[in-house]
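In what follows, chain A forms one complex with chain B and a second complex with chain C.
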Partner chain A sequence: MASKNETKITAEPGKQELFIEREFEASRELVFRAFSEPEFLMQWMGPSDMDMKIDKLDNRSGGSYRFVHTLRNGAGEFGFNGAIHEVAAPERVIRTFEFEGLPERGHVSLEFLTLTELPGDRTRLSIQSIFKSVDDRDGLVQSGMEVGLNEGFKKLDDLLIKQF
Partner chain B sequence: MRRDVFQAIADPTRRAILTLIALQAMTPNALAEHFDTSRQAVSKHIKILTECQLVSQEQQGREIYYHFNPQKMKEVADWLAPFQKMWEERFDRLDNILEKLKTQKDGK
Partner chain C sequence: MASKNETKITAEPGKQELFIEREFEASRELVFRAFSEPEFLMQWMGPSDMDMKIDKLDNRSGGSYRFVHTLRNGAGEFGFNGAIHEVAAPERVIRTFEFEGLPERGHVSLEFLTLTELPGDRTRLSIQSIFKSVDDRDGLVQSGMEVGLNEGFKKLDDLLIKQF
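This part shows the complex of A and B:
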(Lines of atoms letter the chains of each structure in order from A and count residues from 1; the text may use other names and numbers.)
(Lines give C-alpha, C1' and ligand atoms only; values in the text may rest on other atoms or scores of the structure.)
Protein backbone atom coordinates (compact mmCIF):
# COMPACT_ATOMS: atom_id res chain seq x y z
CA MET A 1 0.00 0.00 0.00
CA ALA A 2 1.63 3.22 -1.13
CA SER A 3 0.85 6.00 1.28
CA LYS A 4 -0.59 9.37 0.43
CA ASN A 5 1.39 10.77 3.33
CA GLU A 6 4.58 12.33 2.07
CA THR A 7 7.93 11.76 3.75
CA LYS A 8 9.61 15.14 4.05
CA ILE A 9 13.34 15.17 4.60
CA THR A 10 15.26 18.39 5.13
CA ALA A 11 19.06 18.60 5.25
CA GLU A 12 20.32 22.06 4.43
CA PRO A 13 23.85 22.19 3.03
CA GLY A 14 26.50 23.18 5.56
CA LYS A 15 24.37 22.40 8.61
CA GLN A 16 24.87 19.75 11.28
CA GLU A 17 21.26 18.64 11.42
CA LEU A 18 18.59 16.90 9.44
CA PHE A 19 14.84 16.62 9.79
CA ILE A 20 12.45 13.84 8.87
CA GLU A 21 8.70 14.46 8.93
CA ARG A 22 5.78 12.14 8.18
CA GLU A 23 2.09 11.88 9.13
CA PHE A 24 0.26 8.66 9.98
CA GLU A 25 -3.40 7.61 9.88
CA ALA A 26 -3.36 6.37 13.48
CA SER A 27 -3.55 7.69 17.01
CA ARG A 28 -0.42 8.90 18.78
CA GLU A 29 -0.62 5.97 21.22
CA LEU A 30 -0.47 3.46 18.38
CA VAL A 31 2.40 5.20 16.58
CA PHE A 32 4.31 5.36 19.84
CA ARG A 33 3.78 1.62 20.38
CA ALA A 34 5.05 0.86 16.87
CA PHE A 35 8.17 2.88 17.71
CA SER A 36 8.85 1.40 21.14
CA GLU A 37 7.80 -2.25 21.16
CA PRO A 38 10.48 -4.58 19.73
CA GLU A 39 7.90 -6.81 18.03
CA PHE A 40 6.68 -3.92 15.85
CA LEU A 41 9.97 -2.05 15.52
CA MET A 42 11.60 -5.08 13.91
CA GLN A 43 8.90 -5.24 11.27
CA TRP A 44 9.49 -1.79 9.83
CA MET A 45 12.80 -0.30 10.99
CA GLY A 46 15.33 -2.42 9.09
CA PRO A 47 16.20 -1.42 5.51
CA SER A 48 14.34 -3.61 3.00
CA ASP A 49 17.43 -5.63 1.98
CA MET A 50 18.47 -6.35 5.57
CA ASP A 51 17.28 -8.37 8.53
CA MET A 52 17.05 -6.51 11.79
CA LYS A 53 17.94 -7.86 15.20
CA ILE A 54 17.34 -6.07 18.47
CA ASP A 55 20.35 -6.78 20.63
CA LYS A 56 19.13 -4.56 23.45
CA LEU A 57 16.21 -2.18 24.00
CA ASP A 58 15.76 -0.69 27.43
CA ASN A 59 13.20 1.87 26.41
CA ARG A 60 13.03 4.27 29.35
CA SER A 61 14.74 7.48 30.50
CA GLY A 62 18.34 6.49 31.26
CA GLY A 63 18.07 3.32 29.19
CA SER A 64 19.95 2.22 26.07
CA TYR A 65 19.55 0.28 22.83
CA ARG A 66 21.54 -1.65 20.25
CA PHE A 67 20.19 -2.79 16.88
CA VAL A 68 21.99 -4.89 14.28
CA HIS A 69 21.11 -4.88 10.59
CA THR A 70 22.35 -7.91 8.65
CA LEU A 71 22.56 -8.01 4.86
CA ARG A 72 20.48 -10.93 3.56
CA ASN A 73 23.35 -12.07 1.31
CA GLY A 74 25.56 -12.44 4.38
CA ALA A 75 27.97 -9.76 3.14
CA GLY A 76 28.02 -7.96 6.45
CA GLU A 77 26.27 -6.54 9.43
CA PHE A 78 25.92 -3.05 10.80
CA GLY A 79 25.40 -2.21 14.45
CA PHE A 80 23.84 0.92 15.88
CA ASN A 81 23.66 1.87 19.51
CA GLY A 82 22.78 4.72 21.77
CA ALA A 83 21.73 5.98 25.16
CA ILE A 84 18.13 6.92 25.78
CA HIS A 85 18.01 10.31 27.44
CA GLU A 86 14.27 10.62 27.89
CA VAL A 87 11.11 8.67 27.10
CA ALA A 88 7.98 10.75 27.60
CA ALA A 89 5.23 8.44 26.31
CA PRO A 90 3.47 8.94 23.99
CA GLU A 91 4.93 12.22 22.77
CA ARG A 92 8.71 12.29 22.88
CA VAL A 93 11.92 10.26 22.85
CA ILE A 94 15.38 11.84 23.08
CA ARG A 95 18.34 9.54 22.42
CA THR A 96 21.85 9.33 20.99
CA PHE A 97 22.77 7.38 17.88
CA GLU A 98 26.11 5.89 16.88
CA PHE A 99 26.87 3.86 13.76
CA GLU A 100 29.38 1.18 14.72
CA GLY A 101 30.67 0.75 11.17
CA LEU A 102 32.95 3.81 11.32
CA PRO A 103 36.74 3.39 11.72
CA GLU A 104 36.75 5.38 14.97
CA ARG A 105 34.33 5.87 17.86
CA GLY A 106 32.81 9.14 18.96
CA HIS A 107 30.77 10.17 15.92
CA VAL A 108 27.55 10.34 17.89
CA SER A 109 24.39 12.19 16.96
CA LEU A 110 21.47 13.35 19.08
CA GLU A 111 17.93 12.47 18.01
CA PHE A 112 14.65 14.08 19.03
CA LEU A 113 11.57 12.06 18.10
CA THR A 114 8.34 14.00 18.58
CA LEU A 115 4.79 12.77 18.02
CA THR A 116 2.06 15.40 17.64
CA GLU A 117 -1.66 14.64 17.77
CA LEU A 118 -3.59 15.81 14.70
CA PRO A 119 -7.36 16.08 14.19
CA GLY A 120 -9.10 12.95 12.90
CA ASP A 121 -7.03 10.50 14.97
CA ARG A 122 -3.90 11.23 12.98
CA THR A 123 -0.32 11.77 14.14
CA ARG A 124 2.67 13.73 12.93
CA LEU A 125 6.16 12.32 13.50
CA SER A 126 9.12 14.69 13.53
CA ILE A 127 12.68 13.44 13.87
CA GLN A 128 15.47 15.96 14.34
CA SER A 129 19.04 14.61 14.26
CA ILE A 130 21.95 16.80 15.32
CA PHE A 131 25.46 15.68 14.37
CA LYS A 132 28.90 16.46 15.81
CA SER A 133 30.02 18.04 12.52
CA VAL A 134 28.76 18.79 9.01
CA ASP A 135 31.15 16.08 7.75
CA ASP A 136 29.56 13.57 10.14
CA ARG A 137 26.13 14.34 8.77
CA ASP A 138 27.23 14.32 5.15
CA GLY A 139 29.27 11.16 5.75
CA LEU A 140 26.27 9.31 7.03
CA VAL A 141 24.25 10.73 4.16
CA GLN A 142 26.75 9.37 1.68
CA SER A 143 26.79 5.97 3.34
CA GLY A 144 23.17 5.70 2.26
CA MET A 145 22.07 5.35 5.86
CA GLU A 146 21.10 8.95 6.37
CA VAL A 147 20.50 11.32 3.49
CA GLY A 148 18.75 14.64 3.26
CA LEU A 149 16.58 16.55 0.91
CA ASN A 150 16.33 20.29 1.06
CA GLU A 151 13.37 22.36 -0.07
CA GLY A 152 15.67 24.19 -2.45
CA PHE A 153 16.93 20.93 -3.95
CA LYS A 154 13.34 19.77 -4.27
CA LYS A 155 12.42 22.74 -6.40
CA LEU A 156 15.40 22.14 -8.63
CA ASP A 157 14.59 18.42 -8.77
CA ASP A 158 11.04 19.19 -9.87
CA LEU A 159 12.38 21.58 -12.45
CA LEU A 160 14.81 18.96 -13.72
CA ILE A 161 12.05 16.38 -14.04
CA LYS A 162 9.97 18.83 -16.07
CA GLN A 163 12.89 19.97 -18.18
CA PHE A 164 14.87 16.86 -18.95
CA MET B 1 37.36 26.46 0.30
CA ARG B 2 35.05 23.61 -0.50
CA ARG B 3 33.75 23.73 -4.06
CA ASP B 4 31.07 21.17 -4.73
CA VAL B 5 27.48 21.05 -5.87
CA PHE B 6 26.16 21.15 -2.31
CA GLN B 7 28.03 24.29 -1.43
CA ALA B 8 26.88 25.82 -4.71
CA ILE B 9 23.19 25.34 -3.99
CA ALA B 10 23.44 26.30 -0.31
CA ASP B 11 22.84 29.92 -1.29
CA PRO B 12 19.33 31.12 -2.26
CA THR B 13 20.65 33.58 -4.89
CA ARG B 14 22.64 30.80 -6.57
CA ARG B 15 19.58 28.54 -6.55
CA ALA B 16 17.61 31.36 -8.21
CA ILE B 17 20.37 31.82 -10.82
CA LEU B 18 20.28 28.09 -11.59
CA THR B 19 16.51 28.11 -11.88
CA LEU B 20 16.67 31.01 -14.33
CA ILE B 21 19.40 29.66 -16.59
CA ALA B 22 17.91 26.16 -16.47
CA LEU B 23 14.93 27.66 -18.27
CA GLN B 24 17.03 29.61 -20.77
CA ALA B 25 20.70 30.39 -21.36
CA MET B 26 21.37 34.02 -20.39
CA THR B 27 23.89 36.80 -20.84
CA PRO B 28 25.41 38.36 -17.68
CA ASN B 29 23.32 41.52 -18.22
CA ALA B 30 20.04 39.67 -18.68
CA LEU B 31 20.76 37.64 -15.56
CA ALA B 32 21.73 40.67 -13.43
CA GLU B 33 18.41 42.36 -14.28
CA HIS B 34 16.61 39.71 -12.21
CA PHE B 35 18.47 40.59 -9.02
CA ASP B 36 18.61 43.62 -6.76
CA THR B 37 22.24 42.93 -5.87
CA SER B 38 25.14 44.45 -7.78
CA ARG B 39 26.41 42.93 -11.00
CA GLN B 40 29.65 42.09 -9.21
CA ALA B 41 27.73 40.08 -6.62
CA VAL B 42 25.96 38.13 -9.37
CA SER B 43 29.32 37.57 -11.11
CA LYS B 44 30.77 36.18 -7.89
CA HIS B 45 27.91 33.67 -7.63
CA ILE B 46 28.39 32.73 -11.28
CA LYS B 47 32.10 32.17 -10.63
CA ILE B 48 31.30 29.72 -7.81
CA LEU B 49 28.68 27.94 -9.92
CA THR B 50 31.18 27.67 -12.78
CA GLU B 51 33.87 26.24 -10.48
CA CYS B 52 31.34 23.65 -9.32
CA GLN B 53 30.60 22.82 -12.97
CA LEU B 54 26.92 23.65 -12.61
CA VAL B 55 27.26 26.51 -15.08
CA SER B 56 29.24 26.72 -18.31
CA GLN B 57 30.01 29.80 -20.39
CA GLU B 58 29.70 30.02 -24.14
CA GLN B 59 30.82 32.85 -26.39
CA GLN B 60 28.26 33.72 -29.09
CA GLY B 61 29.46 36.64 -31.20
CA ARG B 62 30.15 39.49 -28.78
CA GLU B 63 28.04 38.06 -25.97
CA ILE B 64 28.76 35.46 -23.29
CA TYR B 65 25.92 33.09 -22.44
CA TYR B 66 25.62 31.11 -19.21
CA HIS B 67 24.34 27.57 -19.59
CA PHE B 68 23.05 25.20 -16.93
CA ASN B 69 24.67 21.76 -16.62
CA PRO B 70 21.81 19.37 -15.71
CA GLN B 71 24.13 16.36 -15.49
CA LYS B 72 25.98 17.87 -12.55
CA MET B 73 22.70 18.67 -10.81
CA LYS B 74 21.55 15.10 -11.28
CA GLU B 75 24.42 14.04 -9.00
CA VAL B 76 22.60 15.77 -6.16
CA ALA B 77 19.28 14.11 -6.90
CA ASP B 78 20.94 10.69 -7.23
CA TRP B 79 22.87 11.18 -4.03
CA LEU B 80 19.75 12.05 -2.04
CA ALA B 81 17.42 9.48 -3.53
CA PRO B 82 18.46 6.34 -1.58
CA PHE B 83 17.82 7.89 1.82
CA GLN B 84 14.42 9.27 0.84
CA LYS B 85 13.49 5.87 -0.59
CA MET B 86 14.68 4.00 2.50
CA TRP B 87 12.51 6.12 4.82
CA GLU B 88 9.50 5.95 2.50
CA GLU B 89 9.73 2.16 2.53
CA ARG B 90 10.11 2.10 6.30
CA PHE B 91 7.09 4.33 6.82
CA ASP B 92 4.96 2.37 4.34
CA ARG B 93 5.67 -0.78 6.39
CA LEU B 94 4.84 1.18 9.54
CA ASP B 95 1.49 2.21 7.97
CA ASN B 96 0.64 -1.48 7.49
CA ILE B 97 1.53 -2.30 11.10
CA LEU B 98 -0.60 0.58 12.35
CA GLU B 99 -3.57 -0.66 10.27
CA LYS B 100 -3.22 -4.11 11.88
CA LEU B 101 -2.97 -2.60 15.36
CA LYS B 102 -6.11 -0.54 14.72
CA THR B 103 -8.05 -3.65 13.69
CA GLN B 104 -6.88 -5.53 16.78
CA LYS B 105 -7.98 -2.69 19.00
CA ASP B 106 -11.44 -2.49 17.36
CA GLY B 107 -11.88 -6.27 17.68
CA LYS B 108 -11.55 -6.19 21.43
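This part shows the complex of A and C:
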Protein backbone atom coordinates (compact mmCIF):
# COMPACT_ATOMS: atom_id res chain seq x y z
CA MET A 1 0.00 0.00 0.00
CA ALA A 2 1.31 3.43 -0.91
CA SER A 3 1.32 5.56 2.21
CA LYS A 4 -0.44 8.89 2.39
CA ASN A 5 1.49 9.57 5.56
CA GLU A 6 4.65 11.50 4.78
CA THR A 7 7.63 12.03 7.05
CA LYS A 8 8.22 15.69 7.77
CA ILE A 9 11.73 16.65 8.90
CA THR A 10 12.38 20.20 10.14
CA ALA A 11 15.94 21.37 10.72
CA GLU A 12 16.09 25.14 10.95
CA PRO A 13 19.50 26.49 9.83
CA GLY A 14 21.93 27.20 12.65
CA LYS A 15 19.95 25.41 15.37
CA GLN A 16 21.11 22.37 17.31
CA GLU A 17 17.80 20.54 17.10
CA LEU A 18 15.58 18.82 14.58
CA PHE A 19 11.96 17.70 14.47
CA ILE A 20 10.49 14.63 12.80
CA GLU A 21 6.74 14.12 12.33
CA ARG A 22 4.90 11.12 10.89
CA GLU A 23 1.36 9.79 11.17
CA PHE A 24 0.29 6.15 11.31
CA GLU A 25 -2.96 4.29 10.65
CA ALA A 26 -3.07 2.61 14.04
CA SER A 27 -3.92 3.30 17.67
CA ARG A 28 -1.43 4.97 19.98
CA GLU A 29 -1.17 1.82 22.10
CA LEU A 30 -0.18 -0.22 19.07
CA VAL A 31 2.36 2.30 17.74
CA PHE A 32 3.85 2.54 21.22
CA ARG A 33 4.28 -1.24 21.31
CA ALA A 34 5.95 -1.12 17.88
CA PHE A 35 8.59 1.21 19.39
CA SER A 36 8.95 -0.71 22.66
CA GLU A 37 8.77 -4.45 22.08
CA PRO A 38 11.90 -6.10 20.68
CA GLU A 39 10.02 -8.62 18.50
CA PHE A 40 8.07 -5.71 16.90
CA LEU A 41 10.97 -3.29 16.62
CA MET A 42 13.32 -5.67 14.86
CA GLN A 43 10.77 -6.15 12.07
CA TRP A 44 10.68 -2.55 10.93
CA MET A 45 13.38 -0.24 12.28
CA GLY A 46 16.10 0.81 9.84
CA PRO A 47 16.76 0.91 6.10
CA SER A 48 15.46 -1.89 3.84
CA ASP A 49 18.93 -3.26 3.02
CA MET A 50 19.75 -3.88 6.69
CA ASP A 51 18.77 -6.36 9.37
CA MET A 52 18.05 -4.99 12.80
CA LYS A 53 19.34 -6.78 15.89
CA ILE A 54 18.32 -5.83 19.43
CA ASP A 55 21.52 -6.26 21.43
CA LYS A 56 19.83 -4.83 24.54
CA LEU A 57 16.53 -3.12 25.38
CA ASP A 58 15.83 -2.42 29.03
CA ASN A 59 12.80 -0.30 28.22
CA ARG A 60 12.10 1.65 31.42
CA SER A 61 12.99 4.99 33.00
CA GLY A 62 16.65 4.57 33.97
CA GLY A 63 17.18 1.73 31.49
CA SER A 64 19.29 1.56 28.33
CA TYR A 65 19.41 0.05 24.84
CA ARG A 66 21.74 -0.98 22.07
CA PHE A 67 20.64 -1.81 18.52
CA VAL A 68 22.74 -3.06 15.61
CA HIS A 69 21.93 -2.66 11.91
CA THR A 70 23.68 -5.21 9.70
CA LEU A 71 23.96 -4.74 5.95
CA ARG A 72 22.29 -7.73 4.35
CA ASN A 73 25.17 -8.09 1.84
CA GLY A 74 27.59 -8.64 4.75
CA ALA A 75 29.47 -5.38 4.08
CA GLY A 76 29.29 -4.07 7.63
CA GLU A 77 27.28 -3.24 10.68
CA PHE A 78 26.28 -0.07 12.51
CA GLY A 79 25.60 0.01 16.22
CA PHE A 80 23.88 2.72 18.21
CA ASN A 81 23.04 2.94 21.86
CA GLY A 82 21.64 5.14 24.56
CA ALA A 83 20.37 5.61 28.09
CA ILE A 84 16.62 5.87 28.67
CA HIS A 85 15.59 8.84 30.81
CA GLU A 86 11.84 8.23 30.82
CA VAL A 87 9.31 5.76 29.47
CA ALA A 88 5.75 7.08 29.99
CA ALA A 89 3.59 4.55 28.11
CA PRO A 90 1.83 5.02 25.74
CA GLU A 91 2.75 8.66 25.33
CA ARG A 92 6.41 9.49 25.62
CA VAL A 93 9.98 8.23 25.63
CA ILE A 94 13.03 10.40 26.38
CA ARG A 95 16.39 8.81 25.63
CA THR A 96 19.94 9.55 24.52
CA PHE A 97 21.30 8.41 21.15
CA GLU A 98 24.86 7.77 19.99
CA PHE A 99 25.89 6.35 16.62
CA GLU A 100 28.90 4.12 17.20
CA GLY A 101 30.30 4.55 13.68
CA LEU A 102 31.62 8.09 14.23
CA PRO A 103 35.38 8.73 14.38
CA GLU A 104 35.18 9.85 18.03
CA ARG A 105 32.94 9.05 20.98
CA GLY A 106 30.82 11.60 22.81
CA HIS A 107 28.65 13.00 20.01
CA VAL A 108 25.46 12.18 21.85
CA SER A 109 21.99 13.59 21.21
CA LEU A 110 18.81 13.56 23.31
CA GLU A 111 15.52 12.38 21.75
CA PHE A 112 12.00 13.23 22.88
CA LEU A 113 9.50 10.84 21.24
CA THR A 114 5.82 11.75 21.70
CA LEU A 115 2.75 9.87 20.45
CA THR A 116 -0.50 11.81 20.08
CA GLU A 117 -3.91 10.22 19.54
CA LEU A 118 -5.71 11.42 16.39
CA PRO A 119 -9.36 10.94 15.39
CA GLY A 120 -10.11 7.70 13.50
CA ASP A 121 -7.77 5.52 15.52
CA ARG A 122 -4.74 7.22 14.01
CA THR A 123 -1.53 8.35 15.74
CA ARG A 124 1.01 11.13 15.25
CA LEU A 125 4.65 10.46 16.13
CA SER A 126 6.68 13.59 16.94
CA ILE A 127 10.40 13.37 17.63
CA GLN A 128 12.52 16.28 18.80
CA SER A 129 16.27 15.61 18.84
CA ILE A 130 18.71 18.03 20.44
CA PHE A 131 22.41 17.89 19.57
CA LYS A 132 25.79 18.82 21.07
CA SER A 133 26.33 21.13 18.09
CA VAL A 134 24.80 22.33 14.84
CA ASP A 135 27.50 20.31 13.04
CA ASP A 136 26.44 17.11 14.79
CA ARG A 137 22.87 17.70 13.66
CA ASP A 138 23.81 18.58 10.09
CA GLY A 139 26.08 15.53 9.91
CA LEU A 140 23.18 13.26 10.83
CA VAL A 141 20.81 14.91 8.35
CA GLN A 142 23.40 14.57 5.56
CA SER A 143 24.11 10.92 6.44
CA GLY A 144 20.99 9.75 4.65
CA MET A 145 18.86 9.67 7.78
CA GLU A 146 15.74 10.59 5.84
CA VAL A 147 15.96 7.60 3.46
CA GLY A 148 16.51 5.19 6.34
CA LEU A 149 13.64 6.69 8.33
CA ASN A 150 11.23 6.49 5.40
CA GLU A 151 12.14 2.91 4.58
CA GLY A 152 11.67 1.94 8.23
CA PHE A 153 8.36 3.77 8.62
CA LYS A 154 7.07 2.13 5.42
CA LYS A 155 7.86 -1.30 6.90
CA LEU A 156 6.06 -0.20 10.05
CA ASP A 157 2.97 0.87 8.04
CA ASP A 158 2.80 -2.62 6.52
CA LEU A 159 3.37 -4.31 9.86
CA LEU A 160 0.65 -2.29 11.59
CA ILE A 161 -1.85 -3.34 8.90
CA LYS A 162 -0.77 -6.97 8.84
CA GLN A 163 -0.89 -7.48 12.55
CA PHE A 164 -4.29 -6.00 13.30
CA MET B 1 40.49 29.77 51.96
CA ALA B 2 39.25 32.30 49.44
CA SER B 3 39.26 30.67 46.06
CA LYS B 4 41.07 32.13 43.10
CA ASN B 5 39.11 29.76 40.91
CA GLU B 6 35.99 31.41 39.57
CA THR B 7 33.01 29.75 37.97
CA LYS B 8 32.46 30.93 34.40
CA ILE B 9 28.96 30.47 32.98
CA THR B 10 28.36 31.16 29.28
CA ALA B 11 24.81 31.31 27.94
CA GLU B 12 24.72 32.97 24.53
CA PRO B 13 21.34 34.67 23.89
CA GLY B 14 18.89 32.60 21.86
CA LYS B 15 20.82 29.32 22.08
CA GLN B 16 19.58 26.16 23.77
CA GLU B 17 22.88 25.37 25.49
CA LEU B 18 25.10 26.69 28.25
CA PHE B 19 28.70 26.17 29.30
CA ILE B 20 30.14 26.08 32.83
CA GLU B 21 33.87 26.18 33.54
CA ARG B 22 35.67 25.93 36.88
CA GLU B 23 39.22 24.97 37.93
CA PHE B 24 40.22 23.04 41.05
CA GLU B 25 43.45 22.64 43.03
CA ALA B 26 43.51 18.86 42.81
CA SER B 27 44.33 16.04 40.42
CA ARG B 28 41.84 14.90 37.81
CA GLU B 29 41.53 11.50 39.49
CA LEU B 30 40.51 13.13 42.76
CA VAL B 31 38.04 15.57 41.20
CA PHE B 32 36.52 12.69 39.25
CA ARG B 33 36.04 10.76 42.50
CA ALA B 34 34.39 13.81 44.06
CA PHE B 35 31.79 13.70 41.27
CA SER B 36 31.37 9.92 41.32
CA GLU B 37 31.48 8.56 44.86
CA PRO B 38 28.33 9.02 46.96
CA GLU B 39 30.20 9.65 50.24
CA PHE B 40 32.20 12.43 48.52
CA LEU B 41 29.35 13.92 46.53
CA MET B 42 26.97 14.30 49.45
CA GLN B 43 29.54 16.45 51.28
CA TRP B 44 29.70 19.22 48.71
CA MET B 45 27.01 19.24 46.01
CA GLY B 46 24.34 21.93 46.26
CA PRO B 47 23.69 25.23 48.02
CA SER B 48 24.96 25.80 51.60
CA ASP B 49 21.49 25.87 53.16
CA MET B 50 20.65 22.39 51.87
CA ASP B 51 21.56 18.83 52.69
CA MET B 52 22.28 16.50 49.83
CA LYS B 53 20.92 12.96 49.83
CA ILE B 54 21.92 10.34 47.27
CA ASP B 55 18.71 8.44 46.63
CA LYS B 56 20.40 6.41 43.85
CA LEU B 57 23.71 6.48 41.98
CA ASP B 58 24.39 3.63 39.58
CA ASN B 59 27.46 5.35 38.16
CA ARG B 60 28.16 3.52 34.89
CA SER B 61 27.32 3.80 31.19
CA GLY B 62 23.64 2.81 31.04
CA GLY B 63 23.11 3.56 34.74
CA SER B 64 21.01 6.25 36.41
CA TYR B 65 20.89 8.55 39.44
CA ARG B 66 18.55 10.49 41.71
CA PHE B 67 19.68 13.14 44.20
CA VAL B 68 17.58 15.09 46.71
CA HIS B 69 18.43 18.49 48.18
CA THR B 70 16.67 19.17 51.49
CA LEU B 71 16.40 22.67 52.94
CA ARG B 72 18.04 22.54 56.35
CA ASN B 73 15.18 24.58 57.87
CA GLY B 74 12.74 21.83 56.88
CA ALA B 75 10.93 24.04 54.38
CA GLY B 76 11.09 21.61 51.48
CA GLU B 77 13.08 19.34 49.24
CA PHE B 78 14.13 19.31 45.59
CA GLY B 79 14.77 16.11 43.71
CA PHE B 80 16.52 15.70 40.40
CA ASN B 81 17.33 12.62 38.39
CA GLY B 82 18.75 11.34 35.16
CA ALA B 83 20.00 8.49 33.03
CA ILE B 84 23.74 8.04 32.53
CA HIS B 85 24.78 7.64 28.91
CA GLU B 86 28.54 7.27 29.46
CA VAL B 87 31.04 7.19 32.31
CA ALA B 88 34.61 7.33 30.95
CA ALA B 89 36.75 7.67 34.11
CA PRO B 90 38.51 9.97 34.89
CA GLU B 91 37.67 12.13 31.89
CA ARG B 92 34.03 12.32 30.99
CA VAL B 93 30.44 11.75 32.05
CA ILE B 94 27.42 12.22 29.77
CA ARG B 95 24.03 12.14 31.49
CA THR B 96 20.52 13.53 31.37
CA PHE B 97 19.17 15.92 34.01
CA GLU B 98 15.60 16.64 35.11
CA PHE B 99 14.57 18.89 37.99
CA GLU B 100 11.51 17.33 39.63
CA GLY B 101 10.15 20.63 40.97
CA LEU B 102 8.90 21.93 37.61
CA PRO B 103 5.13 22.15 36.95
CA GLU B 104 5.34 19.54 34.17
CA ARG B 105 7.53 16.54 33.42
CA GLY B 106 9.68 16.19 30.34
CA HIS B 107 11.90 19.30 30.52
CA VAL B 108 15.07 17.24 30.34
CA SER B 109 18.56 18.44 29.48
CA LEU B 110 21.70 16.55 28.49
CA GLU B 111 24.99 17.26 30.32
CA PHE B 112 28.52 16.64 29.04
CA LEU B 113 31.01 16.85 31.96
CA THR B 114 34.68 16.85 30.98
CA LEU B 115 37.72 16.96 33.27
CA THR B 116 41.01 18.20 31.79
CA GLU B 117 44.41 17.83 33.48
CA LEU B 118 46.25 21.13 34.00
CA PRO B 119 49.91 21.71 34.95
CA GLY B 120 50.64 21.74 38.71
CA ASP B 121 48.21 18.93 39.59
CA ARG B 122 45.23 21.13 38.83
CA THR B 123 42.03 20.25 36.96
CA ARG B 124 39.54 22.07 34.76
CA LEU B 125 35.88 21.04 34.88
CA SER B 126 33.88 21.90 31.73
CA ILE B 127 30.17 21.25 31.54
CA GLN B 128 28.08 21.69 28.41
CA SER B 129 24.32 21.40 28.93
CA ILE B 130 21.90 21.24 26.01
CA PHE B 131 18.21 21.98 26.53
CA LYS B 132 14.84 21.19 24.95
CA SER B 133 14.35 24.94 24.42
CA VAL B 134 15.93 28.34 24.99
CA ASP B 135 13.21 28.95 27.61
CA ASP B 136 14.20 25.82 29.53
CA ARG B 137 17.80 27.04 29.61
CA ASP B 138 16.90 30.60 30.61
CA GLY B 139 14.59 29.28 33.33
CA LEU B 140 17.44 27.32 34.88
CA VAL B 141 19.86 30.25 34.68
CA GLN B 142 17.28 32.54 36.33
CA SER B 143 16.50 30.00 39.07
CA GLY B 144 19.62 30.92 41.01
CA MET B 145 21.73 28.13 39.54
CA GLU B 146 24.89 30.24 39.75
CA VAL B 147 24.64 30.82 43.51
CA GLY B 148 24.03 27.13 44.19
CA LEU B 149 26.90 26.10 41.92
CA ASN B 150 29.33 28.51 43.56
CA GLU B 151 28.39 27.47 47.07
CA GLY B 152 28.79 23.82 46.13
CA PHE B 153 32.14 24.34 44.38
CA LYS B 154 33.43 26.29 47.40
CA LYS B 155 32.56 23.32 49.64
CA LEU B 156 34.35 21.09 47.14
CA ASP B 157 37.49 23.32 47.24
CA ASP B 158 37.62 22.91 51.02
CA LEU B 159 36.98 19.19 50.84
CA LEU B 160 39.73 18.62 48.25
CA ILE B 161 42.24 20.39 50.52
CA LYS B 162 41.09 18.67 53.71
CA GLN B 163 41.13 15.17 52.35
CA PHE B 164 44.54 15.15 50.71
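Assume the second predicted complex is superposed on the first by the 144 of 164 C-alpha atoms of A that agree within 3 Å, B and C clash if a C-alpha of one lies under 4 Å from a C-alpha of the other, contacts with A are read in each partner's own complex, and residues count from 1 in each chain.
Keep this in mind: a contact is a pair of C-beta atoms (placed from the backbone, for glycine too) under 8 Å apart; a residue touches a chain by one contact, two chains touch by 3 or more.
If you're wondering where the values come from, they're calculated on a predicted model, not measured in any experiment.
*Asks:* Which partner chains sit in contact with A:Met50 here, chain B, chain C, both or neither? Use first/second/both/neither.
*Replies:* In the superposition, A:Met50 touches no partner, neither chain B nor chain C.
*Asks:* With both complexes overlaid on chain A, does A:Val31 touch chain B (first), chain C (second), both or neither?
*Replies:* first
*Asks:* Just chain B (first), just chain C (second), both, or neither: which does A:Gln16 touch?
*Replies:* In the superposed model, A:Gln16 contacts chain C only, not chain B.
*Asks:* Name the contact category of A:Ala89: first (chain B only), second (chain C only), both, or neither.
*Replies:* So A:Ala89 meets neither chain B nor chain C here.
*Asks:* On chain A, which partner touches more residues: chain B or chain C?
*Replies:* B
*Asks:* Look at A:Val108 in the shared chain and tell me whether it touches chain B only, chain C only, both, or neither; answer first, second, both or neither.
*Replies:* It touches chain C, and chain B stays clear.
*Asks:* So which bits of chain A does chain B touch that chain C touches too?
*Replies:* none
*Asks:* Under the stated contact criterion, what part of chain C meets chain A in this complex?
*Replies:* 15-17, 58, 61-64, 82-86, 88, 92, 94-96, 98, 105-106, 108-110, 112, 128, 130-132
*Asks:* Report the residues of chain A in contact with chain B in the complex, numbered from low to high.
*Replies:* 1-3, 5, 7, 9, 12-14, 20, 22, 24-26, 30-31, 33-34, 40, 43-45, 47-48, 138, 141-142, 144-150, 152-153, 155-157, 159-160, 163-164
*Asks:* What does chain B use to touch chain A in their complex?
*Replies:* Interface residues on chain B, with respect to chain A: 6-7, 9-10, 12, 15, 18-19, 22-23, 70, 73-74, 76-77, 79-84, 86-99, 101-102, 105.
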